[in-house]
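Two complexes, one shared chain (subunit A), two partners (subunit B, subunit C).
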Partner chain A sequence: MADTAVQSAPAAGSSSRPSALKKFFLHNLSAKVAAIPMVATVLVVFIGCTIWTIYYSFTNSKLLPTGKFVGFDQYERLFATSRWNVSVINLLMYGAMSLVLTLGLGFLLAVLMDQKIRFESAFRTIMLYPFALSFIVTGLVWQWIMNPTLGLQGTMRNLGWTNFTFDWIANPRMVLFALLIAGLWQGVGFCMVLMLAGLRGVDEEIWKAARVDGIPTWRTYISVVLPMMRGVLVTAVVLIGSGIVRLYDLVVALTNGGPGISSEVPAKYVYNYMFSGGNIGQGLAAATMMLLTVMIIMVPWAYLEFGGKGRK
Partner chain B sequence: MQPSVSIKDLSLNFGNVKVLERLNLDIAQGEFIVLLGPSGCGKSTLLNCIAGLLDVSDGQIFINGKNVTWEEPKDRGIGMVFQSYALYPQMTVERNLSFGLRVSGMAKDEIARRVARAAEILQIQPLLGRKPANLSGGQRQRVAIGRALVRDVDVFLFDEPLSNLDAKLRSDLRVEIKRLHARLKNTMIYVTHDQIEALTLADRIAIMKNGVIQQLADPHTIYNKPVNLYVAGFIGSPSMNFINGSLDGATFTADDGTKIPVGAYDFAAQRGAATKAVLGVRPEHILLGDAAQGMPFQTQAEIEIVEPMGSETLAWTKVAGIPVTFRCSSDIPLHAGDKVTVGFDIARGSLFDAQSESRL
Partner chain C sequence: MSQTATMTGSAPATSGNAATDPRGPRPKPFFTPKKIMIYTTLIFFALYFLFPLYVMVVTSLKTMPEIRFGNIFALPSAPSFDAWVKAWTSACTGLTCNGLSPGFWNSVKITIPSTIVSIFIAAVNGYALVNWRFKGSEIFFAVLIFGSFIPYQVMLYPLVMLTRGMGIFGSLQAVIVIHTIFGMPILTLLFRNYFASLPQELFKAARVDGAGFWRIFFEIMLPMSLPIFVVALILQITGIWNDFLFGVVFAGPQNYPMTVQLNNIVNSAQGTPEYNVNMAATVLTGLVPLIIYFVSGKLFVRGVAAGAVKG
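Now for the complex of A and B:
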């Protein structure tokens, strides 16, 4: 490398084009080599597979991706399937509640932790522990707790409260809330730790100034501190949001979509059609719809959040 | 007239550490008091106690005759300005000024009137729509002062407000604070570790060390008649020259035997027997050449280092075996190695007891 650079230097005046080209490839060569795996991953996995997915969602592929082009047939079928429609509504409801409650409870817990309490690090560890478990374990544990015969309901009835009822997991109208409990149990601790870090980043003198101004503590949290935590909030929303969209393993472990189809979610629909239903075209159509939904939300938001360079 | 702020036997402990101990301070209406001291001397702690941001362990605080020892900060009639400005970053300047008033439920037109007045006094009308991130340090501090101003209070507290600014801005804003005080005539309590700020701004300076006020006096007295060795060494740059020795009658004998007549010195009290003492002379009270002739004590000295400062020159030499700095006009040509006659202006010097370190 070194001698090419020396050779090209005197020739630069006569033939600048080849040397500029060389410069493009040779400048910071090691950095470019190091970036190749990631560039390849992005091109092949993210972009390549996305295009592949979209293409085959327009075919009638069954067990293997070999079918012929059928236009929007798979999509027509998709939206005529009640299982898909239920899945979408479930995800929207679960997502909205999960996002609001995780952020809300996470912030509330962080505020409580911020009150100079004793054993703070012990509490923090306890709160964060569920996050260390996989969704499968979380789902299994809560399945046992909420099982009407084995879990909480059975225990309470054995203790004498024979009217005690906690059967959300077996109740089609309440099963989403059962999912929500398990999801919150797992996710709130992490959100709290993020928020707590954000709270700790606020200058002590801001608090003093607010006290001198006579602003109540709760008002200071909402009107002054929360807006200052914008970066932390964005991080938390992105993490919680991506967790919601790919919600799958918790459902499999906790309810397996039941009772009936009342707790089905899109990711499970895609998986079932692609790997056990033997209908790749249908699964890919569902996957494409998920991607489209995420893009519709993400693109304008990302543009607003990160697009304008002059701000901040 | 009742004092604006009155502190009676104030003590503050953090666990076993006594930060402030039985501290008394009376501040007159409209007075500009500077609390001066090195970091850790308790000056900011005292200010926070006055503001009500720290609970005191013992003692009382009165503001305008009202006992506010256990009042919330907002009910004490104070406004406070912080070192880090502590502006609310997501609000515009206008919101920053008005937020506290809005929360307290004040009428809209009254808020607007007060914000307009503060903006006019501080010359920040063009900045009202901006956010703190788009302001310079000096502008931010002006907004922070404005936030104290709109509260329409009697007492202003400043906690090292200029420490985050660069030297040029600091001297500009210093003058502005002085102008503000001249216009508003409020009581102001100002904490700083910068002696220039203290000397230029204060009506009275309280020099603190280890939670105790060492001397409370006007800048002239503090500078010329420091009550003890600590104050004498803390105030003045370069600091006062100290010569250790002993005092017998009107003669001071340095440790190396040099005799210095101190008959011209204005002793605070009659003294008894000979004592160990420290003679302090400010660099500008050591005179050179012809001016030295009239002085009670003169000696030959060799210049070691010369520091030309533009308007004046600092020179380092040795007198009685001790390194001594003196200040002279930059018109006098001085070079290292020169032999000169220096004279001490004893009448303007200071003598301290070596044991008690207090002024004789």
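Now for the complex of A and C:
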């Protein structure tokens, strides 16, 4: 990131020191004034609000964040609440499946798109348009398609397949797969676009060399091209991963956590405890756990990215 | 950061069709087994992606009896826009029955100022970060980018208290402020990278001629940054239009955006659900981002590739 801006050293650096100093400071003053929104966002929102949340997650705040310090009580209660545990397990299962399938299908489709096919831009348009739609729209469409009586299941049964079953949305065991179908529908196209950009970035010489060596195409993709796309892959994993942790709208629209609590997710738990459960401390503790999860995803990535840069 | 690499890489890569390849495949019979497999798979996925759109539109044009006794694939026997009219004007959200139109206008009222304010602030940030670096500016920027990965839920409650303290909680201003805050990381990144790619001589020449911070920004940088503005515009309009969480938390019931009203119409309405109205409402809500998508084409790809950092 920083390497793009290196050449743009402040103009004042080149002029003579003492006389330029005052001028330099004054000009920077207007830059500083202009950067106030950014500085405020960083200090107040990203740092301040996060610390506030972590701090108050150790209190017994109910309707207002005024409670007294109770140590890890909220966290103990959190992990004793079956709804939270179900949420976490759901997120883990959904997350694992979603990550693997989004990446897998994204890569597969990108490879297919890369075969000098006709109508490439039509296919890309079709695959990417769901990404323009909100999760609410996505969830509601699939809710209708998966409607057990009038949706796909009912239609197929009316057409003669009386045993056709597609009641995932109403089936606690299958509801995560319902979420998955909708989530993949929305996100795979985008992953494909990222991957395709990665594939197109691979040097044509690599392909020539592989052809000369008689390596089959699929083998070249898996063993040569894929490792070369590390940057794109890491980006895709981070993006998909942080999207998964935030999973909220889709659940609200598609299942609203049901049937029962079988499709609850952490983000929804936080929201419900903060804004309709009147148990702020509990919501904040859950939010802090979400933060922790993201940190576990992000810190290795940041280390890879910025650690690598430090060595240069 | 690797996002930037893919973002800038994706536009020329995806636009440069196979036509530029000097070797090109030798003319072959079109129906090789490989080709058939490729196209079959692609068409299968294309159907998966298109099916919901088809169902959504078709259902919205049917009458309820037709939905109840027909099948989900069938075209409407007598297409009618009654459900669309009802969805727009009189569908019930559980409390009121004014349809989606108030939500649409709320979304417009939220999206336009949020887009303008957030892009303007981010453009200034990016410009300051590239050309007017001050002590600590890079650190603030790094934290800003890192902060974009913090789940919104972590900052939600303190922000409610802050906006309440400012006296704007439950108003359009609150949502606009929130969208500006959370749009800042990605937009700043976008503008920073763009300004860094411009020739620095222009900036230096302007400095030599005595132009100041704002003058250079408005007279040199802005006129040159139209492409990135379009990308930012696409990104923000679709992102803000599609937002649900900030709308439901900060806007207050009077100002609920379209997504929130849509969800209320479909998921909390009383009585027998009218699927045609629900689907008409869903199409209507998806229409704005879809139009932007189809009009903007490749720029959208660039926009989302950049915006996905937002998650």
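We adopt the following convention: the second predicted complex is superposed on the first by the 267 of 312 C-alpha atoms of A that agree within 3 Å, B and C clash if a C-alpha of one lies under 4 Å from a C-alpha of the other, contacts with A are read in each partner's own complex, and residues count from 1 in each chain.
The rule is short, and it goes like this: contacts are C-beta pairs under 8 Å (C-beta built on N, C-alpha and C of every residue); 3 or more make two chains touch, one makes a residue touch a chain.
Everything numeric here is computed off the predicted structure, so don't read it as measured data.
Engineer: Aligned on subunit A, subunit B and subunit C: do they clash or fit?
Structural biologist: Overlaying the two complexes on subunit A (C-alpha atoms) leaves subunit C and subunit B fitting together cleanly.
Engineer: One more residue to check, A:G257. First (subunit B), second (subunit C), both or neither?
Structural biologist: After superposition on chain A, A:G257 lies in contact with neither partner.
Engineer: With both complexes superposed on chain A, which partner does A:V193 reach: first (subunit B), second (subunit C), both or neither?
Structural biologist: A:V193 contacts subunit C only, not subunit B.
Engineer: Tell me which partner A:I280 touches in the superposition: subunit B (first), subunit C (second), both or neither.
Structural biologist: second
Engineer: Scan A:A267 for contacts with subunit B and subunit C and give back first, second, both or neither.
Structural biologist: second
Engineer: Is subunit A touched at more residues by subunit B or by subunit C?
Structural biologist: Per-residue touch count on subunit A favours C.
Engineer: Looking at A:G183 after the superposition, I want to know if it touches subunit B, subunit C, both of them or none. Which is it: first, second, both, neither?
Structural biologist: It touches nothing on subunit B or subunit C.
Engineer: After lining up the shared chain so the two structures overlap, which partner does A:I206 touch, if you call subunit B first and subunit C second: first, second, both or neither?
Structural biologist: So A:I206 only meets subunit B here.
Engineer: Across all Cα pairs of subunit B and subunit C, what is the smallest distance in the superposition, given in whole Å?
Structural biologist: Minimum C-alpha separation, subunit B to subunit C, in the superposed model is 5 Å.
Engineer: Please identify the positions on subunit A that touch both subunit B and subunit C, taking each partner from its own complex.
Structural biologist: Overlap of subunit B and subunit C footprints on subunit A: empty.
Engineer: Taking the touch rule as given, give the residues of subunit C at its contact with subunit A in the complex, in rising order.
Structural biologist: By the definition above, subunit C touches subunit A via 1-6, 9-10, 13-14, 16-18, 21, 25, 38-39, 41-42, 45-46, 48-53, 55-56, 59, 67-68, 71-73, 121, 124-125, 127-134, 137-138, 140-141, 143-147, 149-159, 161-162, 180-181, 184, 188-189, 192-193, 196-197, 200, 203-204, 207, 212-214, 238, 241-245, 249, 259, 262-263, 266-267, 275, 278-279, 282, 285-286, 289-290, 292-294, 297, 300-301, 304-305, 308-309, 311.
Engineer: Give the list of subunit A residues in touch with subunit C in this complex.
Structural biologist: It is residues 1-2, 4-5, 7-11, 27-28, 30-32, 34-35, 37-39, 41-42, 44-50, 52-53, 56, 65, 105, 108-109, 112-113, 115-117, 120-121, 123-138, 140-145, 147, 150-152, 154-155, 158-159, 185, 189-190, 193-194, 196-198, 200-201, 231-232, 234-235, 238-239, 242-243, 245-246, 248-249, 252-253, 256, 266-267, 270-271, 274-275, 280, 283-284, 286-288, 290-291, 294, 298, 302, 305 of subunit A that touch subunit C.
Engineer: Using the touch rule from the top, collect the residues of subunit B that touch subunit A in their complex.
Structural biologist: 48, 51-53, 72-75, 78-80, 82-84, 86-91, 99-100, 103-104, 133, 144, 147-148, 151
Engineer: Tell me, which parts of subunit A touch subunit B in their complex?
Structural biologist: So the residues of subunit A in touch with subunit B come to 203, 205-206, 208-216, 219, 223-224, 227-228, 230, 312.
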